[in-house]
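Each of the next two complexes has subunit A plus one more chain, namely subunit B in the first and subunit C in the second.
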Partner chain A sequence: MNFVVPDFYPAAAEIFVAVMALVIMLAGAFARSVRWLAYTLTQLTLVGAALITIFVPSVDVSYTFSGMFVSDLFGNVLKLLIYLAVGVALLYGRGYLADRRMERPEYYLLAVLMTLGMMVMVSANHLLTLYIGLEMMSLALYGMTAFDRDSVRSTEAAMKYFVLGALASGLLLYGMSMIYGATGALDFVSIKDALYFQTANKTVLLFGLVFLMAGIAFKLGVVPFHMWVPDVYQGAPTAVTLLIASAPKLAAFAMTMRLLVFALFELAEQWQAMLMFLAVLSIILGNLAAIAQSNIKRMLAYSGISHMGFMLLGLVAGVVSGETHNAITAYSAAMFYAVAYVLMSLASFGMVLLLARAGFEAEEIDDFKGLNKRSPWFAAMMMIVMFSMAGIPFFIGFFAKLAVLQSVVAAGYVWLAVLAVVMSVIGAFYYLRVVKVMYFDAPADDAPIHAPAEMRVMMSVNGLSIAALGLMPQGLTYLCWIALLASLT
Partner chain B sequence: MTDMPLLSLAIWIPIFGGLLVLATGSDRNAPLARALALLVAVAGFAVTVPLYLGFDTGTATMQFVEMAPWIRPYNINYHLGVDGISVLFVILNAFVTVIVVLAGWEVIREKVAQYMAAFLIMSGLMNGIFSALDGVLFYVFFEASLIPLYLVIGIWGGANRVYAAIKFFLYTLAGSLLMLVALLYLFLQAGGSFSILDWHQLPIPMGAQSLIFFAFLAAFAVKVPMWPVHTWLPDAHVEAPTGGSVVLAAIALKLGAYGFLRFSLPIVPDAAQYYAPLLITLSLVAVVYIGFVALVQTDMKKLVAYSSIAHMGFVTLGFFMFNQLGIEGALVQMISHGFVSGAMFLCIGVLYDRMHSRNIADYGGVVNKMPKFAAFFMLFAMANAGLPGTSGFVGEFMVVLGAVQFNFWVAFLAATTLILGAAYSLWMYKRVVFGEVANDHVAQLDDINGREFAFLAILAFCVLAMGVYPFPFTEVMHASVDELLRHIAVSKL
Partner chain C sequence: MDFKTFVFYFLGAILVFAALRVITARNPVHAALYLVLAFFTAGGVWLLLHAEFLAIVLVMVYVGAVMVLFLFVVMMLDINVERLRQGFWSYLPVGALIGILLVVEMTIVLGGRYFGLEVMPEPPAMAEGYSNTRALGMVLYTEYVYPFELASLVLLVAMIVAVTLTLRKRKGTKYINPDDQVAVKREGRVELVKMPAEKE
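Right after this comes the complex of A and B.
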């Protein structure tokens, strides 16, 4: 048996982040009194990983570790966005955590491990790699959800998240085993080949697909596997909610793409039908349930469910009666939607953090009352986010919806597009309500907003980027398009 | 001069100017915000004047065209241009913005910068709607214009403003999102083009035409508004501040009617003709039934709001008879209604600022205290009733003539508006203005000041000029309407 040293080059960023995780752990153990160290190291890790991802040149698609790991443009683009989302989320959350005596090095360690998990998920070319990445991300998130140890609500949320998450992982693993049984392969390229040459047992394969879908649906948080979303979003400390609601959505999107499009593309007709079911239910239930919420974190949770449903519509429209020429457009629309959602999600939970202060959580929608009087600038930022989520132009949310609807109509599902827009009108109501309390109501408390300068700046950049990308969405559209084109063909 | 991107300037001067006004911040700088807003509004109006002067009335093609790619992957272009149908609305819009800034000058004391900025931004967006030749660009402006109006009604409105603002927003959003699906469908049918002009030439089977027609109808009927989806308008009008009502009546209502001319009629002509009886029926219901509803209102603003719906019923009636007089009459009516209803709301605003009541019953004998105001109000009430010599008469008369060509009974019912309009306008006028001084509050009224005199006088001039000599208006639209009618006559099946 000859041992071949694998090519570490394509995984350079992952290796760097793993090493840095150890460094942060050591820093946490030996330099605990230096309060800023862990945070700074974490941000530096993200910057370093970004530089490696950008500057380590590679061929279009390179496999390593015996085909378990892939480095391609699709993965690299998503990774960069993940670094960005995690970095921004940590920046927003820092003051909040410090006010509540939760800013401990372990928090940042978990965040780095979560990032590493997501990177592995994004680059997985193998069922087991994917699973390892997924668990790494999830376990870190469970821990962070319970980070406020004395809070009963947080503990309950973490428990719920963990139990349901473990169940979903089990389902996913069970599905993977069946796929393996049917195709005799674990890496995506071989699975794809097995399906192409029709050597796989179709019944077992479809059975496995159903379980895979359940796992995917759980991670994306779409109906009927959405139960955890509102409770965890509400129960977790807001800084953690922000982390859960942003970058992991990109990772879940990558997982969906890797499993369904990169590996099981031949079964597109089957999984599209399932996704359509999930998407329709999510859009309906998410929007209707959000109306009834008075807690903004819960409202954003339900709105997130409907957004994920909307994103899935893009995946539904890829293959039409065997024709695949719509596929790249449709998938890049879904990718655009995921990126847009993460941007908006960061800004919306960021605003909740911005209004919170020591001993006060701005969790109720009523806490936004009269924000226009207290701070016209941040009220305008929040308004941009809300209108963007509602899909009103000139904001990015509109173009995300436009791109997805375009591919849905192109696939011939006009009824689906009509349903989606009708639910968007219903959705507009609860976003409008937030704008209403900010602009039309008198403030309930006059405390000035106090937040660190870097957070104010980042919040403004975040809000303005939603408007700027709405005015000029071409660059991001191209990026999604090229990333998929380079990796899929 | 013609090389300047006039349409872009007309769109972006008010928008960026509005942002600049917004930047003046708190109410300590209110005088600066007002002055800056007026400057921007006047500049915005100034760039639209060459549009009229340089307009070639002999052709129906798009003029002042600007074209640049915007989002290439979807072939969405920044494509602007005006023809005889749209150019007048761009100018009217810029003109009304100046009036609105003047009207809010002293009255608005809270968040002055935000108020002025909202109107300026709205004005720019509406210019975008009237000049967009790309489906998505049109839609983007169409939707975005909801935001400032929503804020204007909700922040500066009356007691029930929140309800009215949300109702207004959701009603119009529901309609326009269905249109979005239709736009996407057309995009695919046209082989990946969002150009409205391409869509005009696109053959479409009848089944699809019907669906597209109704999708457009959903968007535009709500905006016009046509009976029975008009119920948001009285609420929005009553709760909006004066400036909001003026913009709503003078410009926002025209968007729906304009949409019919730019989209429904030329893109799906066969469906438009097939469903014309339905549209004509709805229009007549608006004219007659809403006319009666206006008669019994006790709130002045509500009365004028209902009269707006009736007048807009006249407009849609004119469109769907498919003859020259009908469509041109409807267009004239739209412009005239912009002046007249705007002026009516301003007059009510003048009274409201002094008395803080819109109830007709709270007034009486105003003429004794405000003779100059009473004279202006008289003129506008007469114009609202369609008195010959005022602009209100021209459009109504042309549409009624067009209706006679079309069908006698339609003309007969349409003509009742001349009676109903006179009844509700003049009866309200009588109760508010004439008679003995009704109470102590009326006894303390002061007549209009120089600023109020100025904007009422400008509008009075427009109303009379258009009534006496409408040719400069009809001349501009003639070629385009001709072309539109020729286009509709050819089946696209």
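Right after this comes the complex of A and C.
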């Protein structure tokens, strides 16, 4: 047995975050009275991890830990965005949690461990590490959903999330075991080789792929595995909803890419057909069901389902009758969509948090009535977010939709693009309803908006970034494109 | 049919029966006990595969720890079976349809056609004195150190969540510090009061 000590440098960020999680745990246990400590340490951890991710790993693709871990530009870009999303979500949620006496060190500790789980998922090059990262992220999220433990609704949401999540994990594992049975390999590079040289049995592979797809669809929250999304979004404390609806979507996107594109690319024709089915159903059901909602958290949940469906359209358009020259453009369009969605999701749930105060949840769409009279600035921010989500030019959501649709049309699925556009127009109704309520209805209550200064600043930066990236999307588009180009070829 | 094959089918039959009883038993305690039986027989099947370490771990961890805990929980909860059965008939058609579809697919794929001995030949017999435990130990802390450490963090997450959700300090309860209790001396508890005798 000759064993070489693995190279730790590519995984420096993961190791740093894991150590800091333990530090935060000890700080939470022994310095409970210092209220700001856990929060500050968490934000510092995210900043430190970002610096490490930028400066330590090399730009080239490098494998370590016996090929279980991969460091590439795709993973590093997504990791940076994940730190950003988690950091912003924690900043938004802080005041909300403090008002409800829920700001305990455990919350931040779980958030850090959730971040670590997502990093592991993003950098996974092995079915085992991918699964462990996924479980780490999900377990922390289940716990945070139930964080308001005296609330029946949030406990029920956590229970639903946990049971359905466990079922999805089971399906995913079963699919993984089939893929292992067919290829005899667990790491993605070997699986890809086995498929390329056609040593694997295709029927067994497809059988495994179906289960794999069910697990992925659940984690992304697309139809028909979407049942948990509205209930969990509504039931969880809004600060946690924000966390669920932002960074994990990036991690789920990374998981989808790693499994389908990095490992099972040879089966693209088959999984594209399945994804198309999921995407079409999600876009239709998400947009139609969102119209009927009066609770803004539920409405945003259904809108999230439709957005995830839209994102999957990008993955559908990669391979057309064996030709792969369109693939990188299509996948980078999907990645751009995921990033844009996370930005908009942060801003929209952030607004719900901004309007909430002790003893009052701004959960209903009616709670946004006359926001323009109460705070013209934040009404404008919310309007930017809603316009962007609806895909009105020139906000980031428009370019995200445009890029995906372009690749869908380039792949020859014109009917798919037409359907997506029609459903987006229908979807614009419920986004614009929020804008109408804000600007044309009389305010129901005129309590001044009280929020910490840093939250107001961050909220404004978030809203303006949606507008600014809409005016200049080239930078982000190029980043997604180059990240995929450097990692896939 | 040699002895090994007989043992396999014997254990397999018990395993399927026990697993079926887990979901059909009316009494939750019985269901939990059938699950124990299923774990035991699954351990036996693994032993046939020369995975003795995993078989023992399965019995020790699942039967020894997890299921005992499970039984405790089941016994302490007052589960209303009638309420659990509500909606059974309305969900049955969809559930049965999906279940049957899955079973049909599984029988097509998992039969001898793709996993038979012609496709996947029996692995060569291990050398005398080969230890499964040793082989696992060799890779667990070397090749698999990354997932191993991560698994420990997953357990940490589970622990933190469990403590966070259940530990609460109630106001108004009187805690007794065992340290102080043990350190009690006679002087701390007994006070001799001298009183002059009273006269009538």
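Basically, the second predicted complex is superposed on the first by the 487 of 489 C-alpha atoms of A that agree within 3 Å, B and C clash if a C-alpha of one lies under 4 Å from a C-alpha of the other, contacts with A are read in each partner's own complex, and residues count from 1 in each chain.
Heads up, the rule we're going with is that a residue touches a chain if its C-beta (ideal position, glycine included) is under 8 Å from a C-beta of that chain, and two chains touch if they have at least 3 such contacts.
For clarity, every value in this text was computed on a predicted model and none was experimentally measured.
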{"item": "Subunit B versus subunit C as contact partner of A:421, first or second or both or neither", "value": "first"}
{"item": "Contacts of A:409 with subunit B and subunit C, given as first, second, both or neither", "value": "first"}
{"item": "First (subunit B), second (subunit C), both or neither touched by A:21", "value": "second"}
{"item": "Touched partner set for A:318, first subunit B, second subunit C, both or neither", "value": "neither"}
{"item": "Subunit B versus subunit C as contact partner of A:397, first or second or both or neither", "value": "neither"}
{"item": "Contacts of A:203 with subunit B and subunit C, given as first, second, both or neither", "value": "second"}
{"item": "Touching both subunit B and subunit C, residues of subunit A", "value": "none"}
{"item": "Contact footprint of subunit A on subunit C as seen in their complex", "value": "105, 109, 114-115, 119, 138, 142-147, 149-151, 153-154, 156-158, 160-161, 163-165"}
{"item": "Contact set on subunit A toward subunit C in their complex", "value": "1, 3, 6, 11, 18, 21, 25, 65-66, 68-69, 104, 106, 109-110, 113, 116-117, 120, 126, 128-129, 132-133, 135-136, 139-140, 142-143, 146-147, 149, 178, 181, 201, 203-204, 207"}
{"item": "Complex contacts: residues of subunit B adjacent to subunit A", "value": "25, 70-74, 111, 114, 136, 139-141, 143-144, 146-147, 150-151, 154-155, 161-162, 165-166, 169-170, 173-174, 177-178, 180-181, 184-185, 187-188"}
{"item": "Touching residues (chain side subunit A, partner subunit B) in the complex", "value": "329, 372, 376, 387, 392-394, 398-399, 402-403, 405-406, 409-410, 414, 417-418, 421-422, 424-425, 428-429, 432-433, 435-436, 439-440, 473-474, 477-478, 481"}
